[in-house]
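Here the chain labels run A, B, C and D in written order, and each chain numbers its own residues starting at 1.
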Amino acid sequence: MIIGDLLASRVLDHDGGGLGHVVDVRLALELRDDDADPETGDDVPLSQGALRSDLVGQAEVVGLLVSPHNGGSFLGYERTGVRSPWMIASLMRRMHRGTFLVAWEQVEQIEEGTITLAQGFDRLDPSLH
Amino acid sequence: MRPSRDEHPVALALLRRGSLRLRALVLMIVVLATASCATATSSSSAQESITSGLEEARSAVATAALVVTLLEDDRMTAPVADTGLLDQIGVLEDSSAALMTLVPPAEMATPLQQGMTAVGTATDAVVAARLWVNGESGASAAELLEALEGAESEIDDVLAEVGA
Amino acid sequence: MKRLLGVALGILTAIGGFVDIGDLVTNAVVGSRFGLSLVWVVVVGVVGICLFAEMSGRVAAVSGRATFEIIRERLGPRMAGANLVASFAINLLTLTAEVGGIALALHLASSVEPRLWIVVAAAAVWLVLWRVKFSIMENVAGLLGLLLVGFGVALFLLGPDWGDLLAQAASIGQPPGGQSMGSYWFYAVALFGAAMTPYEVFFFSSGAVEEKWTAKDLSQNRLNVLTGFPLGGLLSVAIAACAAVVLMPQSIEVSSLSQIVLPVAQAGGTLLLAVVILGIVAATFGAALETALSSGYTVAQYLGWSWGKFRRPAKAARFHLTMIVALLIAVGILMTSVDPIAVTEMSVVFSAVALPLTYVPILVVANDPEYMGEHVSGKVANALGSVYLVIVLVAALAAIPLMIATGAGSA
Amino acid sequence: MSDIERAARRVIDARLHLLDRQVLDVVGEPVTAIDDLEIVGADGEEVVPGRTARVAAVLAGPAIVTRLLGGHPPPSRWERIEWSHVERVGTTVDLSVDRDALDLDWSERWVRDRVIARIPGGLHDPESD
């Protein structure tokens, strides 16, 4: 299965009621010990500097993000604390208000284009922080 | 030049099948296409076409006069002058082609005829100037400028008559 | 001292690199038809390109990610793919116009058939892309392009009525007699598109990665952008003013490169004319390099290929192949004896149409702390950025309807 | 419950943080953009909804079709990079292998060997003079 199969799928509750569409797939990355210090200083290319880059192991699927509105792009605003520039940020928030996270364990069935959730699934907070 | 509805089978098919918005769009495109093909038949748009063709020609003659003056004053090199005049001969060709392909209503036939003659005079004058630039003509700069000026006023006369 | 020289060099390069065939032609056409009544658009465009180039340069330097990588990350493969197709097509049009511009300028200097020059020009562009070091390429083209200052000199030698020019510049929204309002706004969009062509941003941001900018470079390049582009804008205004002073009174409408240099000849004679023609060759040559590179940058960055002039060609094979193909297509288009000036006018208008798709992702990522850390956009940059978001959207939406309504400005 | 949950981990969203990002090889040379991700069940078999699932591979090339147009190219045509080769996840995804060791870079190698390397100067280092 590929992530592209899940994205934009319709999401139904156990009784077949529509909940929205899958907009993203949440993963948990196993972190390994990291000894490497980012280089800093005036003469080091900035791009090699302090950007977060983690030494990772396995990546496990932990849940699906479901938006009641559409499967479109978020431009990265919805689940982070970024609020500027105001015009675009507020538009994106409005477009994806009501987005929730559902745990992978509560996904019952996956068919082509349609995903059914288990009875009594929980709507979890979608934010990453 | 006169597309009618039955000449647009594809558009018609779309009209029958499409959504309301699509139908409106197709209709608009057909109307626009019809309108743009029909321009030459109405009097006011014939006037517009003649005017814009003549204005291009006048700009070409004015450019040529400037080129001749500059070369005579040693402010310009012969290759630049030659290219400059060649470009303007191209402009005159275009404007003459634009006038020749018009189908004017009856009352515009005479000014159109005069316009084409004027563009012809202008072309002769610019071609003569180019010969002079290339050292192939015995004419003096003053004579050339006079010819160009004559062509310009001939164009202006027609423009006035068309009512620009 | 060396530092100071570096700054000076950067600024000079930015001035020379700002003006390309699009700016040359559009400014001269506008000057001959509308006088200086559209100068305000050049001002708006220059502030916009400063803002936009600064953001994309900062994003590229801090995150190491060039513009088109970001566009795909933020817009997803579909919308970014649409942007890629549009940007590549516009880039190709602009490249075609620039190569044609080099050929026209050389034709002007020599009377040798432009078709011959097209082949020579394209081959020379490719050779530079293939062989020459990035910084040398950038500096030489920029410095020689600076010869366009000849237009400014010409303006002073012409001794115009400055008060009248100022009055023209102040008559915003009031085209001179005989010109329609539709054409006026059409050329406003075209001028805006000429100043804010997306390729400048692709080139600028990828250049930041090519040259591996450091924190030190970041401030220096901000300085280059903020002084170089406005001075380049002054060059554009000088071109328009020359046309307004000499050509407009004689109702000469600019339709060819040879007309653009007439005011220079009148003011400064053959010497100044030679200087300006050399400047036009250099400026269009530099822009041809930038657009050819941009065609490679956009495709390679979208698909994740290795790219960059700092690599050996064999280490960025598909990138180099893309540029070769783009150049061949440009030559092919020019060989159909299409008028490069007409191509130029098309490319600046479509630049305005496609601009939002490139502008929005950059604006967004410049605010993302995951990419930018402490270098995220400040309040001023965001306020200006939002104002320009509106301008960019309005210009993009208005471009096509204006083009249809005015017959591309001919009405 | 998985091992990852007990170890240090970082939660990310696939589309936001992985898809369409640039993949670099062990020396920092670009390899591809991430076109999709393949997910498998715990022992590498097909995904069972609700049961542990993890990312098995980064996909490139034809797999992009799913996200561009929908539909599904056959898995035999996917160009894969095993997830075990993924070393770091940041604004780029960094591999622990050289790009020449990967199958999916064939088109770059083909263009290099058949076209670019045959043009004089194709191996010339532009920074050397």
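Going forward, a residue touches a chain if its C-beta (ideal position, glycine included) is under 8 Å from a C-beta of that chain, and two chains touch if they have at least 3 such contacts.
The model shown is predicted, which means the values in this text are computed figures rather than measured ones.
Participant: Return the chain whose centre of C-alpha atoms lies at maximal distance from the corresponding centre of subunit A.
Facilitator: B
Participant: Considering only C-beta pairs in contact, identify the chain pair with the most of them.
Facilitator: Greatest count of contact pairs is found between chains A-D.
Participant: Centroid of subunit A to centroid of subunit D, CA atoms only: how many Å?
Facilitator: It comes to 19 Å between the two C-alpha centres.
Participant: Could you work out how far the Cα centre of subunit C sits from that of subunit D, in whole Å?
Facilitator: 35
Participant: Roughly how many whole angstrom separate the Cα centroids of subunit A and subunit C?
Facilitator: The separation of the two C-alpha centroids amounts to 39 Å.
Participant: Averaged over CA atoms, how far is the centre of subunit A from the centre of subunit B? Could you give it in whole Å?
Facilitator: That pair's centroid distance is 61 Å.
Participant: Mind pulling the residue numbers of subunit A that touch at least two other chains?
Facilitator: Correct list: 51-52, 76.
Participant: For subunit D, which residues are shared contacts with two or more other chains?
Facilitator: In subunit D, residues 15, 19, 67, 91-92 touch at least two other chains, as defined above.
Participant: Hey, which chains are touching each other here?
Facilitator: Those chain pairs which touch are A-C, A-D, B-C, C-D.
Participant: Which positions of subunit D touch subunit A when the two form their complex?
Facilitator: 2-5, 7-16, 18-19, 36-40, 46-47, 49-50, 52-55, 59, 63, 66-67, 72, 83, 86-92, 94
Participant: Residues of subunit A touching subunit C in their complex?
Facilitator: These residues of subunit A touch subunit C: 42-52, 73, 75-77, 80, 82, 84-88.
Participant: Touching subunit C in the complex: which residues of subunit D?
Facilitator: For this pair, the touching residues of subunit D are 15, 19-23, 29-35, 60, 64, 67-68, 91-92, 107-109, 111-112, 115-117, 119, 121-127, 129.
Participant: Which stretch or stretches of subunit C touch subunit B in the complex?
Facilitator: 107-111, 246, 250-253, 255-259, 261-262, 265-266, 268-270, 273-274, 277, 404, 410
Participant: Under the touch definition given earlier, write down the residues of subunit B that touch subunit C in their complex.
Facilitator: So the residues of subunit B in touch with subunit C come to 32, 52, 55-56, 58-59, 62-63, 66-67, 70, 74-80, 82-84, 87-88, 90-91.
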